[in-house]
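What follows is a single structure, and I will ask about it in a moment.
Letters A, B, C, D, E and F name the chains as they come in the text, with residue numbers starting at 1 for each one.
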Amino acid sequence: MNNLKIVGPAMPDMPWEDRPAGSKEVMWRYSANPIIPRDALSTSNSIFNSAVIPFKKGKYNYAGVFRCDDTNRRMRIHAAFSVDGIKWDICEEDFKLVGADPEIAEWVYGYDPRVAKIDDKYYVTWCNGYHGPTIGIAWTDDFETFHQLENAFIPFNRNGVLFPRKINGRFAMLSRPSDNGHTAFGDIFYSESPDMEFWGRHRHVMSPAAFEVSAWQCMKIGAGPVPIETSEGWLLLYHGVLRSCNGYVYAFGSALLDLDQPWKTIARSGPYLISPREIYELTGDVPNVTFPCAALHDPATGRVAVYYGCADTVTGLAFGYIPEIIDFTKKNNIL
Amino acid sequence: MNNLKIVGPAMPDMPWEDRPAGSKEVMWRYSANPIIPRDALSTSNSIFNSAVIPFKKGKYNYAGVFRCDDTNRRMRIHAAFSVDGIKWDICEEDFKLVGADPEIAEWVYGYDPRVAKIDDKYYVTWCNGYHGPTIGIAWTDDFETFHQLENAFIPFNRNGVLFPRKINGRFAMLSRPSDNGHTAFGDIFYSESPDMEFWGRHRHVMSPAAFEVSAWQCMKIGAGPVPIETSEGWLLLYHGVLRSCNGYVYAFGSALLDLDQPWKTIARSGPYLISPREIYELTGDVPNVTFPCAALHDPATGRVAVYYGCADTVTGLAFGYIPEIIDFTKKNNIL
Amino acid sequence: MNNLKIVGPAMPDMPWEDRPAGSKEVMWRYSANPIIPRDALSTSNSIFNSAVIPFKKGKYNYAGVFRCDDTNRRMRIHAAFSVDGIKWDICEEDFKLVGADPEIAEWVYGYDPRVAKIDDKYYVTWCNGYHGPTIGIAWTDDFETFHQLENAFIPFNRNGVLFPRKINGRFAMLSRPSDNGHTAFGDIFYSESPDMEFWGRHRHVMSPAAFEVSAWQCMKIGAGPVPIETSEGWLLLYHGVLRSCNGYVYAFGSALLDLDQPWKTIARSGPYLISPREIYELTGDVPNVTFPCAALHDPATGRVAVYYGCADTVTGLAFGYIPEIIDFTKKNNIL
Amino acid sequence: MNNLKIVGPAMPDMPWEDRPAGSKEVMWRYSANPIIPRDALSTSNSIFNSAVIPFKKGKYNYAGVFRCDDTNRRMRIHAAFSVDGIKWDICEEDFKLVGADPEIAEWVYGYDPRVAKIDDKYYVTWCNGYHGPTIGIAWTDDFETFHQLENAFIPFNRNGVLFPRKINGRFAMLSRPSDNGHTAFGDIFYSESPDMEFWGRHRHVMSPAAFEVSAWQCMKIGAGPVPIETSEGWLLLYHGVLRSCNGYVYAFGSALLDLDQPWKTIARSGPYLISPREIYELTGDVPNVTFPCAALHDPATGRVAVYYGCADTVTGLAFGYIPEIIDFTKKNNIL
Amino acid sequence: MNNLKIVGPAMPDMPWEDRPAGSKEVMWRYSANPIIPRDALSTSNSIFNSAVIPFKKGKYNYAGVFRCDDTNRRMRIHAAFSVDGIKWDICEEDFKLVGADPEIAEWVYGYDPRVAKIDDKYYVTWCNGYHGPTIGIAWTDDFETFHQLENAFIPFNRNGVLFPRKINGRFAMLSRPSDNGHTAFGDIFYSESPDMEFWGRHRHVMSPAAFEVSAWQCMKIGAGPVPIETSEGWLLLYHGVLRSCNGYVYAFGSALLDLDQPWKTIARSGPYLISPREIYELTGDVPNVTFPCAALHDPATGRVAVYYGCADTVTGLAFGYIPEIIDFTKKNNIL
Amino acid sequence: MNNLKIVGPAMPDMPWEDRPAGSKEVMWRYSANPIIPRDALSTSNSIFNSAVIPFKKGKYNYAGVFRCDDTNRRMRIHAAFSVDGIKWDICEEDFKLVGADPEIAEWVYGYDPRVAKIDDKYYVTWCNGYHGPTIGIAWTDDFETFHQLENAFIPFNRNGVLFPRKINGRFAMLSRPSDNGHTAFGDIFYSESPDMEFWGRHRHVMSPAAFEVSAWQCMKIGAGPVPIETSEGWLLLYHGVLRSCNGYVYAFGSALLDLDQPWKTIARSGPYLISPREIYELTGDVPNVTFPCAALHDPATGRVAVYYGCADTVTGLAFGYIPEIIDFTKKNNIL
């Protein structure tokens, strides 16, 4: 792993806390979790499943789009800014979309955003309500105005995650076809677009694992943060779901995807990296959920900080080293 | 709201605790919640979803009927008395019913009682097992002997709540038609009776809200405490249910009903007032339940204290001001 | 059975066909079934589950209310008249209701009517859509104008069937509490009303039978035609449902109810009288349905003619002798 | 309707049979139905849900792609040719696809084909198994070699139907997002593609109708034959599904879509055109199915012949006049 | 196949009808099907899923145990006798069991019998109700007295079928573990017993086939008649079930099992032999069922006659040649 | 109870903690619960539902087999040893099975072990994956090598628990027939075996209780620790399950079984002994589970220590006196 190359801008001041003494965990939780309380906004019921990215604006070094459910339990997305990536100033108003074709412009609901920088634009994808959940897309260059594009797919789809650069000359997206309820199945697919308007060349990436092999991911899986490019392949953190007699348990693990043909999986971890264990993950609006949506990383040190929703209620941080995660993925490969 | 008139006896010494400093919540929890532990009786598994009312008896100022599940997990109703409305002396024996027609007199199960004073009698309604859940009725004037009347409806019905006076010359009741399991639907209806024996003139009051409008009440709703009469209409606190992939979440909000035609809704809150957030609401026999069954209020100060079941396990108290709740309801009206 | 007394007007010319030679069936089908084709109306998809009664009007000797689903598959009720009870002239327009309280007057849907003569009025009951299925009521004295009364119950209810006279000084009705879909359970209840507006004194009559005892009625049951008064009790024909891996099968049998306390069952047949067997019962919009809604009988001869819906598509007739049916019920009693 | 213009090649010898004397039906069945027996092939279990189009080849005037399930009950597509459009010579071998990207080239299953001529190519679309059902596409110019293109969408999708010309400069398709079982929901969507490889600009066209308005189409709907262009709009025949307690019933009706913005519905029929009624529609591998997949029409006479699957077992023909169907659609419009 | 040896007694006069001219079917139906009407008994609703075996008694050459559901729809088993194997005299009384341990002796229900001759006794197995369905066993030597043994297994189990001789010195049985409803899964297992009292050495034989490979058997499978011993292995006819949106479809095919280790499958047919096609198979109490329970065969000619239940209502016969069926199984092997 | 005799070896140093002052509980929790953390192994996600038994080995006095799910959430069984029964040394490697017939030797999954000493061998039973869950059996005399025998039953079965001596000259086992998911039903059965290879003489022991009688055990029940022999009968601790709208709740109570005919129940407790109440029982991988698998007892003092899984995550201890538990069982008998 000495020669591992990690792509991305330097981020020496990214959020970080060392591995606790004595811990052998590949990823460890931030000791001050949750970093964002559920009522950070005057109208918020919960803030979780949110995405962040480096972005310089005045005093701020990071920007993001946050899932903020209000006390109607309506799902809304709010822009947010931060100096250190841990303490966040969230806009009281939800993000404003402009420019959509009138046929799809009406806001119904939106949740679980991700944000990717491709060339000089920041693209937000989210689960967008249009006669069922599908993947909404908008770009911004200031996190104030968001230019809405066409929905990527026909419903039903969730967890649309863009790659941070074009692949084979086209935009590339992971997503998870779904149905319109608490979907009990889910594979990850890969699709391409020449123009962010029309999508095709759909390829199957991964199915849930067999129960006997890796039970935490045996019912459905979905992409988490924007994949991280490395010389070993795209590092994908993804969530998996196990259904117990008392409901769904969301954990997350890792996979490596081929750089040029990302629908080909190089390795996939059997063990999870993080599974619900702390009281803020075990209890809340939806107990037993750890759901990653964004990651910051620093190529030089290999550090990665993962933002993940906890119990669909609050937001937590977990840390790790990319080389160790890649090593873990390959050593515990279930393919 | 200066001219708001609230109907009801003066209750200057009702349970109360001021809004915490810095809180902007319309209703706030009692800091000593839960007020009744689950094992207050030697045989009780849990005590919750209980109803109270002012009632002078010896040293006591309040009486009530309490849902006390025993360690067989059988659902029983017990009478209880209190000096201050917070500390309760619960009878070890469950309440004794007399006078029922033999055809319906056998006790099967009963739960979620409410109590209303109409003229000079105290009427208890509860979910009564008779070939399925229906609405049982009994009256008392001493909280020792309860005179059972006919069941109001054919099964399946739950959450029968009487108005505290006759309307249009007839007794009036809200209820929620159900099925015989963990009912996944539920509207509130209004019915009238000339004599507490025969019921009719059934009118539809409210359906669950649309998911995109107010998700906490999008699966089913049901009346909570006896409605409070005000010059703005009947103030109804009611529970709503959202189904996540991990089960039902019970929260509660408010509505204003027309004084003379209570099936006509004047306003209905989009945001909830209370939703599960504290550990005694998030965990217990049924996680994520806040379920209001009774309220005490003082017309002069506008204070209201709501008794609500927590996680189907213990009993909590929440406080607020009626004018503020009415204002909140109208400002957040989703009709 | 020599002394059996059957109540009702003489009907010497009622529809009739003798038992086929060699047949030992207690009830037998009319050889010219179905008597009403599915497209008897220019707009009808199907005509079935319909009720008839003796009524003199011009040349006609019988009147009725017919379930006629149109080619939108909307459920409608049409009045109809007949000289012989077999050939029917069905009004092209659906029956017109007047006089309902405006709150319930909007027509949503209505189906499976029954008609009973009580004193000098003809009361029609049907499954009436009002925020779910419930029991609608209207009376007529000319089968042209139908005066709508209050719905008898809160939803969800179906198969409301009136007794042909007051019992204990009150109107009396059988019904089957349901839910809002293809209900997989169903007991028969009995209710009383002093005025056809308010209903109460609800009593349980019968549950489905145990699978091992009488499987054709092991999932749900519901009253069929208006009960026939005899000195042995009320003779009730009722449908029962068995669920196979390929759906519901509707058959019908008989029971005797106490004359004064009709919720008390005197006898109940284990074998069915009619179960789907002919091609017009086995195939159609809903295969495997025989569903009785009305009966004509002649006290002197003991003859009874039962109108029953076939496969939710067409209407059939079956014949029998009341004394034999009562004898069959008692000899095969499963109580 | 005098000025109605119908687009399409002249087809004076298309299959035809006059409306039966006395019939008032808008569409009527061919008296010799079913036209193709289930065992026309030595290995076929059933032949149904098949598509045909005018195509001159030797003695043949029509070509088609036929759903032929074999006695393994595997779903296969076979090419077929006919002189008169009624008697068909079906190739014993299933259709051979060439040229697909290797990632998607493996055949899993395929069913319910449609065929559209756009410019000088014949495009076949079908429900194609690729990690769930999606829309497969291939073109041919000889009905011998079929050139497979990319799947149009991510699973789960069914009933992909192309328009017979580009709209707004792009290929246009109707489809119905589904799940991976006996889908209990289904709306029709519209999508565009510049190149038959990437698809986007997804628009919602129609949802199922309300139960009270048009029950035969209240659970799911899907496009049938390739839409027919007229001066009144695109004439779309589409199937709708009602779920009874004994399963799904498939009927079909008609709609008019805007010529330039086909996701805008001009009119939609409340009554069905054809619903299962004949024994070959009521019984078979899946009882109660009439499922249209193709239509031939002659602009001069306005005649249309619809090929529809019967009970998922055999193939039937129904006839009508386009002007009458358009008139029927507008007069019975439920929008 | 010239050297194929078939084990069993000579049966030159067994029921037989030659393959229809022009037919290429491996098995063909008897032209006089159904051979037993549903009302052959005065109390029978249906007679189907019945087992027969050569047995000389007076004028009779065949005996059997017949599933006869009565008009209570109670499932009962009746003994029957026949001269020619086609016309049957069925005992009016159901078969009488003696000798069972009192703990299991109470009759609850029993259905789908099979009969095997092992050494000099005739063993009947059936689905026996004992706190859920399990496998009942009894032996007889006169088809008048049946000596009941212990149930083979704990519930839930169905389709227990004995081999006609001991294997590895022990009795051997195929069965299908189930649940207590309309089981939606089902594999065939093999078990052994030294004494017909204790069972063990359970081995897995076959699972349902993949949907894409052989859909008629993709949901559950179960053994049919007693396996036929041949030099190629045990020839097993077995039923398979496909679930359409309109319910279960029961067809049957064939497999060859290893003679000494019958849990090892040598070959298994992809195509079915018989699937519902005739009106008496497509309609009845349970539409679309062809369910084989018994077979007669003549080693010299290779003829086999299969008795199969039709639509859970009547009994049919199908014929074939064992060498051809074995050939078919091997040529269409899906293993 | 003065003459109560309890069978078993003396265990004066068994784990123990006196009943807390003021407690009236029949069983009380250990104050230092949970005794085993979820990550006691480097690879463990959770350690629970584990069995222990007195066993002298070096410094150790107790041995056991522990359910240790790894971070793949694979279910594994590990041997463990302890000096005091509270602090455990768990082997890092899962237990190694030898000697199984090759047909069943492949390990798929195994969970919820029990261990019983019969004569001089220690028999482990567990839920063993073999084409569905069934009961695996192995014996050991050193807790290092485990000799695998035949599976006791055909799937689907769980909670197989051996009696600690032969009964009627045969090995005896309790088990619970299941299905292959989160089984929503479950009775306890009793079976015998002459040789631990073949099983039979299956008898029904107990069904779930009626909802109105003892709701905590109204959905399914299953045996817990190896039964304890006393002069009053076999003392059986067993779990019961209640299904709330938020999932399953596992509690446990007690029953007395006849010494010679253990399928005959002498007494059965209505109230539970332990039901989820502490945070380590209320939250975890499966909230609201207390699941007993083993017990240590000392005949002289009557003390019993029960090991039970908590929330499918950690292991807890609860204490009581056998005479008091027997007394409690008889006084609260629901039979």
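Everything below uses one rule, namely that contacts are C-beta pairs under 8 Å (C-beta built on N, C-alpha and C of every residue); 3 or more make two chains touch, one makes a residue touch a chain.
Computed from a predicted structure; not experimentally measured.
Number of steps on the shortest path from chain B to chain F, with steps defined by chain touch: 1.
Chains making contact with chain A as well as with chain D: none in this assembly.
Of all chains, the one whose CA centroid is most distant from that of chain C is A. Here the repeat of B-F among B-C, C-D or A-D is C-D, since over half of its contact pairs match by residue number. Interface of chain C with chain D: the two copies contact each other largely through different residue positions, with under half of all numbers used appearing on both sides. Among the pairs B-C and D-E, the greater number of C-beta contacts is found at B-C.
Annotation: 60 Å between the Cα-based centres of chain B and chain E.
Inter-chain spacing, taken between the CA centroids of chain A and chain B, is 42 Å.
Shown for chain F are the residues that touch two or more other chains, namely 246-247, 279, 283, 287-288.
Shown here, the protein chains touch in an arrangement that is not a line, ring, star or fully connected set.
The set of touching chain pairs reads A-B, A-D, A-F, B-C, B-F, C-D, C-E, D-E, E-F, using the touch definition from the header. The residues of chain E lying in touch with chain D in their complex are 24, 211-216, 242-247, 249, 251, 270-272, 275-277, 279, 282-283, 287-288, 332, 334. Across the interface of their complex, chain B is touched by residues 101, 103-104, 130-132, 134, 150-157, 175, 177, 179-180, 185, 187, 189, 191-195, 197-204, 207, 263 of chain C. Taken together, the chain C residues at the contact with chain D in this complex read 38, 42-43, 45, 69-75, 108-109, 129, 182, 246-248, 279, 283-288, 312.
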